[in-house]
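What follows is subunit A paired twice: with subunit B in the first complex and subunit C in the second.
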Partner chain A sequence: MIRLNTEDYPWKSGMTVRSLLDEKVFTFRHIIVRVNGEYVPEEEYETQLIQDGDDVIVLHLMAGG
Partner chain B sequence: MQRYLRNHDAISEAEQAVLSEKRVLVIGCGGLGGYVIECLARIGVGHLRVVDGDVFEESNLNRQLLSSTMNLGRPKILAAQQRVMAVNPLVEVEAFQTSLTAKNSIELLAGCDVAVDALDNIQSRLLLQHAAKNAGIPLVHAAVAGWVGRVCVIQPGQDLLNIFYPNNNEVSAEEQEMGTLSFTAALTASWQAAETVKLLLGKPGLDGEVLIIDLLHAKSTKIKLL
Partner chain C sequence: MGAILKEYRYTPAKIVRGYSGKSLYINVSDLRIEEKTITEFMKEKFTGGKGFDLWYLWNAVIPETRWDSPENEIVMSVGPLGGITQYSGTGKTLVASISPLTDIPIDSNAGGYFGPLLKFSGWDAFELQGKAEKEIIIFIDGNNGLIEIKEAEEYPEDSHVLAEQLTREYADDENDMVNVSVVCTGSAAKHGFMGMLNFSFYDPRRQTVRFKQAARGGLGTILCDKKIKALVVKYKGVTPNLNNAADLATINKVGVKYHKEMHDLDSKQNKMRQIGTANTVMIMSQYDLLPTRNFQTGGDPEVVKIAPEVFINEWLTQGLHDGCWYGCTMSCAKCADHFLLTSGPYAGERVTVDGPEYECVAGLGANLGIFDPQAILEENFYCDTYGIDLISFATCTAFIMECRQRGQITQEQMGGLDLRFGNKDAVLELLHLMSRGEGFGRLAGLGIRKLKKIFVEEFGADADLLEDIGMEVKGLEYAEYAHKESLAQQGGFALATKGPQHDEAWLIFMDMVNKQIPTFEDKANALYYFPMFRTWFGLVGLCKLPWNDIVPADNHKTSEPAKVPEHVQNYVDIYNAVTGEDIDKDELILQSERVYQFQRVFSVRMGKGERKDDYAPYRSLGPVSREEYLSRQDLYDKQLSELQGLDPEVIDLDEKIAKLRAYREDQYEQLMDAVYRRRGWTMNGIPTPERLREIGMDLPMLLEVVEPKL
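And now, the complex of A and B:
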């Protein structure tokens, strides 16, 4: 199990940031991903493995006012 | 005072007196800022310093409280000033028709108890965070896109905007494709105003957390960032 934006979410072996985003169908194009408090750049989405128990935060990149 | 009768006892008379002595800087008088100014004026914050370099355009009418068909082409700060005067003449309004710059930020923040980030671009928001840190005052940040809004309180040095905007040269953000809806701006700004008032009164509020409001899915989430 991982934490995804404060909620429990099932973990799978080999899960990457990219596979998680695809699975969750995040519709926003511009997002910020943090794993265990560390920012993950977009170019690392394919290779960044998510471990069982990780705390993942996905934030919208938005600046409208 | 009859004007504030319905603030009590959610806010005590002593707290009302405290609010009347406070000064809040609202940077941006658009979708968020218009509602924040409205809320702070009605609740009785004594001094509002409002800043915006823009004039109203037709595309503002879908969400910006202070815009109307009567004031297109006119400075947003003038509408803010007139609105506050009409709603609560006890509130002193200082209005500056300018964008935030590194040069004017010190002067704009001087003497303020709280700064409200109601801006619409990443660069200015980061500049404001830096200026608020230097001034030693809390910053109440909010941003909106489409059906989603977020609010957080940034104490000096916490630099939470660096989490939201890790690439400070980023120019493209969600709202450019999703637009912004009226109720998203109104609700997010109301929450922003509430956090501002809590700071002014020393009440506990958001602390190292971001509140995300998703109106499409009728859901709010509070995420710990620090």
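And now, the complex of A and C:
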């Protein structure tokens, strides 16, 4: 289990930032990802592994409309 | 063409630090023209733009005033930052009046050149009062200090022909056409309550007149009722410092930094320069936020047919600068050129269609079940030229279609019009009927609130069902976002002062996806900060889009990325540089709150603006029908079990819907309480004297309104 945006979410072996975003259909381009508080640049989405128990924040930056 | 009825000569005031210090008043009943002074009191309490509009409007009307009372005014103002050319989005005109849809003050903003050219002609604000005997055109020549009122009955009605004709007539030659801007509406505005105002700008590359709209709340209907066919302003000589800013160097510096960001980052972020606001259509569908078939669901597999790429690749001209005021490098005012119309009075003609913006694709497309880009562009064109607010039209038509789907109204009662989801021909025919004021077109233009009454009283429809599915609050139709799963956005719409428009707050991602505002207090804080912050754009004459439709590359490092702190600081710096004042970001919010609270008290004065007026239709809060529940059964069952401790396996569908409804309605009540507390209102939604005192707005005229309500 990981924490995703403050809620529990099932963890899978081999999970990366990219696979998590795909699974959640988080397609908005304008996002910020932090794993355990550390910012993950977009270039590292494919390679950054998410471990069981990690705290992942995916912030969608749109508060306007 | 048209006899001159009145001429008035004036000396254009010089603009100093963003203000000309003068406003123009015209009473079209007796053709009286007066000059007023912008007082220090007005600047201190109301800043400009929408603030000035509301101040003048308050002084013009009484509580009994309705939209068509002669004393109702249309007021417009561009604000102290309006017209600077060094930053993006600096040409917005704010318009206010008492709305035919809501009976309270409506405000709406538009790009185009009218507001800045009006200010450069010497006027910070412009009041129109009274009703003319015959149709008139008002012309302001800012270079020569001349105002001319003339008869207008021989001029065409529809915006694309009228504005083109007036631009040619008042320009000295082809090169002069960029110096002319027209405000007008169209043939449908006088037959219904959702008429809008087109604000023109001449596009020399395309050699055509283009438009941005002050669309919401029936402003075009009021213009028609005053028998004003058009307003025309002409000013030649726009240069970078006509505002005589206190500190031009700072404005230039902030502008250069911002333009570099636009240049480097737009293609990686929102692609505003390729597609404009419609870039989010697919995203909204993927997040279940695209209103589909009257907000029943939040997306549809067919949405790929109206995806941004379809418009970019097949319809919208690329590579041209599409700013709606000088200096806007966001340049999002896209258009489809040489578009061939297939229906209506202009069938067979090729035209330029301004848009489509997000609201257009979502509203005239998905929300009507129409997944055809060509049909959407044709609807877009006819809404614009006929002077129809496409948001109200789309949401109202979606409501009618659902009434038909659920057997609440028959095809016969619609005069034979086959208004069912997906029938683009019937929608276009409805627009043409509205333009001619015929048949069902007359009814449809009245808006959802009045239609609900008519359908119940005359057609025997189910009143409770219509209350649930009619997407309006305070009489204004909802803007185009499905938002059932975001409690904060339910409040963002229904607690908005003028009615459910998203220009106060768009909190869906913060709330529903990011989970950044989990408690009622968190949501209330967001429903305090964002409406206050966004009100400020309307006080100073700015477009909201450059604030957060692009963000600095290092925005993620800030503690509050949703607020885009660097851009907020840009606005503080530019405001200080233009006006010579020394505000900070907190003072910015205070400027906004003064006007925000004033507008709420104004609504109370006009008979709305209390708790009873802030309730949302249930479609906004949760699933009304069985199909809606079943479309997201897993989610709703999970909520029943996790939030209410119920076992969905042992409850039948109707009971599940009822239980969920009771829970969500209670959540909404609690949200209202929290927001009212945060905004300094009583539990009945009335701003308290204490709060008004804290922000320096304990004016006797406001206290007189709120004190009897305590």
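Operating definition for what follows: the second predicted complex is superposed on the first by the 60 of 65 C-alpha atoms of A that agree within 3 Å, B and C clash if a C-alpha of one lies under 4 Å from a C-alpha of the other, contacts with A are read in each partner's own complex, and residues count from 1 in each chain.
Everything below uses one rule, namely that a residue touches a chain if its C-beta (ideal position, glycine included) is under 8 Å from a C-beta of that chain, and two chains touch if they have at least 3 such contacts.
A quick note: this is a predicted structure, and the numbers were derived from the prediction, not measured.
Chemist: Of the partners subunit B and subunit C, which touch A:21 in the superposed model: first, second, both, neither?
Modeler: Neither partner.
Chemist: Quick check for you: in the superposed arrangement, does A:32 touch first (subunit B), second (subunit C), both or neither?
Modeler: both
Chemist: Output the subunit A positions appearing in both contact lists, the one against subunit B and the one against subunit C.
Modeler: Shared contact residues on subunit A (touching subunit B in one complex, subunit C in the other): 5-6, 28-30, 32, 39, 57, 59-65.
Chemist: Touching subunit A in the complex: which residues of subunit C?
Modeler: My answer: residues 268-270, 280, 282-283, 286-287, 479, 481, 502-503, 505-510, 513-516, 518, 526, 530, 534, 544-545, 547-549, 551, 555-557, 561-564.
Chemist: Spell out the residues on subunit A that touch subunit B in their complex, using ranges where they run on.
Modeler: 5-6, 28-30, 32, 34, 39, 41, 57, 59-65
Chemist: What does subunit B use to touch subunit A in their complex?
Modeler: 28, 30-33, 117-122, 125, 142-145, 148, 150, 163-166, 170, 172-175, 177-178, 180, 210, 212, 221-225
Chemist: Give every residue of subunit A touching subunit C within the complex, in rising order.
Modeler: Answer in residue numbers: 5-7, 25-30, 32, 39, 57-65.
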